[in-house]
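Have a look at these structures, which come just after this line.
What follows is a pair of complexes built around subunit A, which joins subunit B in one and subunit C in the other.
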Partner chain A sequence: MDVLVGQLFTGLSLGSILLLAALGLSLTFGQMGVINMAHGEFIMAGCYTTYVVQKVISSAGVSLVVSLLIGFLVGGLLGAALEMGLIRWMYDRPLDTLLVTFGVGLVLQQAARDIFGAPAKNVLAPEWLSGGVTIMGAVVPKTRIFILVLAVVAVTTLATVLKTTPLGRRIRAVVQNRGLAETSGVSSRLTDISTFFIGSGLAGVAGVALTLIGSTSPTIGQSYLIDAFLVVVIGGLGQIKGTVIAAFALGLLNSYIEYSTTASIAKVIVFVIIVIVLQVRPQGLFTVRTRSLA
Partner chain B sequence: MTTLGQRWRAHPSVTAWGGFVVAAILLFAVAPAALSDFRLNLLAKFLCFAIVAAGIGLAWGRGGMLTLGQGVFFGIGAYIMAMHMQMADAARLHNDVPEFMEIAGIRELPAFWRPFASGPVALIGILVLPALVAAALGYGVFKRRVKGTYFAILSQALAAALAILLTGQQKIGGFTGLSDFRAFFGFKLSDPVNRQMLFFIAAGTLLLVVAAVRQLMRSRYGELLVAVRDQEERVRFLGYDPANIKIVAYVVAAFFAGIAGALFTPIVGIISPADIGVVPSIAFIIGVAIGGRTTLLGPVLGAVGVAWAQTALSEEFPSSWTYLQGVLFIVVVGFIPAGLAGVWPMLKGVLDSRFRKTVEPVAVSEPLPEVRTEEKVESR
Partner chain C sequence: MPDSRDIHRSRSRRITKALVAPTAVALAGLLLTGCGAKDDASTEGSNAASCVDTSKDSIKIGSLHSLSGTMAISEVTVANSTKLAVDQINAAGGVMGKKIDLVLEDGASDPKTFAEKAEKLVSSDCVAAVFGGWTSSSRKAMKPKFESLNSLLYYPVQYEGLEDSKNIFYTGATTNQQIIPALDYLKQKGIKSLYLVGSDYVFPQTANREIKAYAAANGIEIKGEDYTPLGSTDFSTIVNKVRNAKAGAVFNTLNGDSNVAFFREYTNAGLKAADMPVVSVSIAEEEVAGIGAQNIAGQLTAWNYYQTVDSPVNKKFVADYKAAFGADKPTSDPMEAAYASVYLWKNTVEKAKSFKVADIQAAADGVTFDAPEGLVTVDGSNHHITKTARIGEIRPDGLIYTVWDSGKAVTPDPYLKSYEWAKGLK
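Let's turn to the complex of A and B:
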């Protein structure tokens, strides 16, 4: 029983990490159709932001909160710069954005290696996150619970922003019908930039969260990026609900398969399951029905 | 200028054969004479990448399928060859298991190794397994009309999954991979003559692959492939199944990548998960993009050029190569999508319109304008 519960929490925790990494993607990939391979490097930027902030602010608790804010800004600014510098020219060539942003990712990775060095860096977790909580016989580290809460907060904030604020309305309008939104007086340029800012900012937040569970290296973003993409693909494009469910489903699936086999075999099995799921639902689990042919 | 150009177009097969003869002379006579053993071996490695690139050119350039996971098929070919060579070495030394297993304390040969003890079985595996995996994934993906970005991400995820799988398996070398091969089908790898023979095999394979891709591109099938890339729905309405057309190109590309991997292992002497994961898989793309993805020779020359540049540059400036690679991705894919092969037609177009003062109609959504119409007409 406690093994089952333990795996449940491992899965939920992995799911919340995937969710944080995928939430920004679901905005930039799902809503805008841009495959941003540099998203992983924006996550990495969030990690290093935390590291730098902790150098300045020695109190781990304060530094974490400050890092979350600065991490969002750093990720967001990187994303906005990427959008303005490159992606704005390439909205009609999604596959090419993939390769171009991969190039950006390579440059950012090497930059991190040159600035911070290749060896992994560690960030101290605040005192109030040390130790664990015993839930139904299983010990769950507090950091993991914090990440779960952070993921939930991020999702609800994003959903609220998209649903209720003028900015959110503009984003949805541009996604649904760019031309009509323009004629109604919405600046699609500004909206594109803001969407990218938010999506990439969420990557920065994910990076800050990742420092709580492991050390930071220049390639940390890569290891989460593909899983994050799979989450968005399985969840269905442009669906926050789909992204949330897919993230937790993949997290749980992964943790239970991993428990009965090994981590590396679990990866392969999960991949096969994803391909099978796409046989039944080629457009992802949740998707808006349209009359388009494809 | 014009007469030469006309003659060029009038006899494409003559010039193509001329090109093959020149390439064969360069590869089989000039290169071995001009290059040291070390450089020749390096060139052989680049030729392996070029074989992969020729397949990517077909699937991506012609078929519009961005395959980010060619490392998977390259890896399957490479690992089967590596397993066979390990087993052959062990058999010669009258050992039950390859050396690295002995060191790791594995006394019994794992079952999945056993078939590859036989050379013919290993060769069949190299030719068949990558194609089978590609067919399975292609069938699963294209039949359900999953395409474009989804396919790119799935092919990439497959590469990640395989690399992670291999890293975790001590029975197949784990993180460090397989290395220290002594012989290639009975020929000692330490002998420079045999290493030269490997180069010739790679060069011959590349020529065959290029010839095969050329035939495919000029065939009816090649026409259909381009049609599927540009107007998939229309092709469907004409009564073809675009999925089958795509699967064939993807399988052919995988087949080439598997062969390239099998040649790579004896030439380089080591295969590890680092050679086949996500980053090397995407790195295959850059040579293709730089050379010109839709052309026949662009991917091949691009792959050799990029691999050569990487070796030359990273010897002197280890970190700058990564920057350069990133910038190449950005500049080439972002701003010269037709690659170097497309630079001349692009310049020519600009000059022509400048001097003739005529504005040519430009198709805005046309992603790859350099597929010329006369090419489409002549193979009818």
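Let's turn to the complex of A and C:
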């Protein structure tokens, strides 16, 4: 029983990490069609932001909260810079964005190595997040619960922004039909930049959360990038609902399979399942319903 | 309109013509320079001519470590320590009157790159010896290159044993100088069962085979065995398995960044060193800082050297390293082995009075160096060195303190010939 519950929470927490890593991608890749290979490095930027903030604010609890805000800004600004500097010239050329952003990712990794050094940096977790709570016989680390809550907050905030604010309406309009949106007076340039800002900012937030469980090192982003892409593809492009469901489904699947087999075999089995799912539903679990002709 | 094949053919003819002339010139040049004042290495047994240039005032050696990728966390410091030894030797007059010229290469945490860069260092940079490698996969990838090019590799990291090569000097510990002392220590402490966690590659797999053989012969139960891909950062499931297994101790052969995630998860899940200690064989002082001392304090490590080793030689080594690379930089076991490697090479060259591979191989047996870990001696029969085994405890200050040591340097036994239970291991 406690194994089942323990793995349930492990799966949920793995899912929430995948969700945080993939949420920004579901905007930039799912909605805008840009294959941003530097997304992992934006996550890494969030990790290092936490480290730097902690150097300034010694209280780990306060610095974590401040880092969430600054991490969003740092990730967002990096994303906006990438959009304005490079990506704006290559919309509708997804393969070119792949190559260019891959290069940018390598540059950012090396930059982190030059600035902070190759060895991992230690980011302290706040006192109130140390240890775990016992839920139905299983010990669940508090950091994992925090990340789960953070993921839920991030998703609801993003959904609210997209659904109810003018900015959200503009983003959806541009995604659905760029030409018509422009004719209606929506600045697609400004909207593209804002979308990239939000998407990359969410990567920064994911990075802040990851410092609680992983290593703050130049390569941290790479370990999550592929999984994040899988989540977005499985969920269906441009679908936040799909991203959420896919993230938790993959997290739970992985945790239960891994418990009864091994980490490497679990990865293979999950991959095979993904391939089968994509055979049956190449468009992902959910798809955008749009009236545009594009 | 001409046939497209014709165009193609005439173009390729033109290209061929254009290439012939410079190639011929280059070949002629190679032939001319090829017989300059180069070291004649057509010694018995070698099937490749060495291009080491011993006519100048300096001699080139290579440093080949992962300066990027997941292993950079560990290997950058080892490359630093190689450089420290080279600088010291140069300041003291060099090797046989020649200054050492260090050629730096990046293996990028990728065995294939290690093999390519090793070939480049030996064949085109013409270095007299290469100091490098960390993962066993990188060593296994480089081994055939050093053997076919008949050059020398000094490999500074503890490894799984069951190997020797006349072209490699193993200056890190082999199994009977690290893993077996750790198992003996656990057994003596009354540990009855173990859980094995490791990265999915050569060293952990082989080390765990040896641990299982030892356990079977010594009445220790193996509760479980798990591997994760190198660089993996999610350990919640494995930590759940470890907790549910209720083993006496965990034997950890994870490498690189994975250790950070593993120990964070271990601590967060409420597991403590007092209840279920983790013995690690790849975590040194530098990694402790990245993991966070609060997440790993109280846990055990098995190595041959710690920064806290109390000897005048070590105090000088630590002070010199900090002076060169920063006061906050710790020293660690592989760094110490890399440092000793350069001096062992120097002492061997001076004993052989030659930079030739065959002469060095012939002179190696019995060469000693008063290393920071204590006196080490090269064993000419298997190219390993004697080392003092030490079990250490990680303290909250981030340093590792010896809780047990072998007293004297342990003779290397890479094939575990002196252990009855190891029969059948390959």
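As a working rule, the second predicted complex is superposed on the first by the 288 of 294 C-alpha atoms of A that agree within 3 Å, B and C clash if a C-alpha of one lies under 4 Å from a C-alpha of the other, contacts with A are read in each partner's own complex, and residues count from 1 in each chain.
As a convention for this text, a residue touches a chain if its C-beta (ideal position, glycine included) is under 8 Å from a C-beta of that chain, and two chains touch if they have at least 3 such contacts.
Predicted, not measured: the structure shown is a model, and the values here were computed from it.
Peer 1: In the superposition on subunit A, see if there is space for subunit B and subunit C together, and answer fit or clash.
Peer 2: Overlaying the two structures gives a clash between subunit B and subunit C.
Peer 1: Just to be sure I read the superposition right, which of the two partners does A:113 touch: subunit B = first, subunit C = second, or both, or neither?
Peer 2: both
Peer 1: Once the shared chain is lined up, is A:95 touching subunit B (first), subunit C (second), both, or neither of them?
Peer 2: First partner only, subunit B.
Peer 1: In the overlaid three-chain picture, which partner chain does A:127 touch, first (subunit B) or second (subunit C), both, or neither?
Peer 2: neither
Peer 1: Who does A:14 touch here: subunit B (first), subunit C (second), both, or neither?
Peer 2: Touch partner of A:14: subunit C, not subunit B.
Peer 1: Taking the superposition on A as described, I'd like to know which of subunit B and subunit C A:267 touches: first, second, both or neither.
Peer 2: The answer is both, since A:267 touches subunit B and subunit C.
Peer 1: Would you sort A:229 into first (subunit B), second (subunit C), both or neither based on which partner it touches?
Peer 2: first
Peer 1: Superposition on A: which subunit C stretch among 200-208, 326-334 or 398-406 collides with subunit B?
Peer 2: After superposing on chain A, the clashing stretch of subunit C is 200-208.
Peer 1: Need the overlap of the two footprints on subunit A, from subunit B and from subunit C, as residue ranges.
Peer 2: Correct list for subunit A: 109-110, 113, 222, 262-264, 267.
Peer 1: Touching residues of subunit A toward subunit B in the complex: what are they?
Peer 2: Residues in contact with subunit B: 29, 33, 35, 86, 89-90, 92-96, 98-100, 102-107, 109-110, 113-114, 222, 226, 229-230, 233, 262-265, 267-268, 271, 274-276, 278-279, 282, 293-294.
Peer 1: Applying the document's contact rule, which stretches of subunit B touch subunit A when the two form their complex?
Peer 2: Going by the criterion above, the answer is residues 66, 68, 137, 140-141, 144-150, 152-154, 156-158, 160-162, 164-169, 232-233, 278-279, 282, 285-286, 289, 319, 322-323, 325-330, 333-334, 337, 365, 367.
Peer 1: What residues on subunit C touch subunit A, complex-wise?
Peer 2: Counting only subunit C, the residues touching subunit A are 67-70, 72-74, 76-77, 200, 226-229, 231-234, 236-238, 240-241, 243-244, 257, 260-261, 264-265, 267-270, 286-287, 289-294.
Peer 1: Please output the residues of subunit A touching subunit C within their complex, sorted ascending.
Peer 2: Subunit A reaches subunit C through residues 2-3, 6-7, 10, 13-14, 17, 109-110, 113, 117-125, 130-132, 138-139, 141-144, 212-220, 222-224, 254-255, 258-259, 262-264, 266-267.
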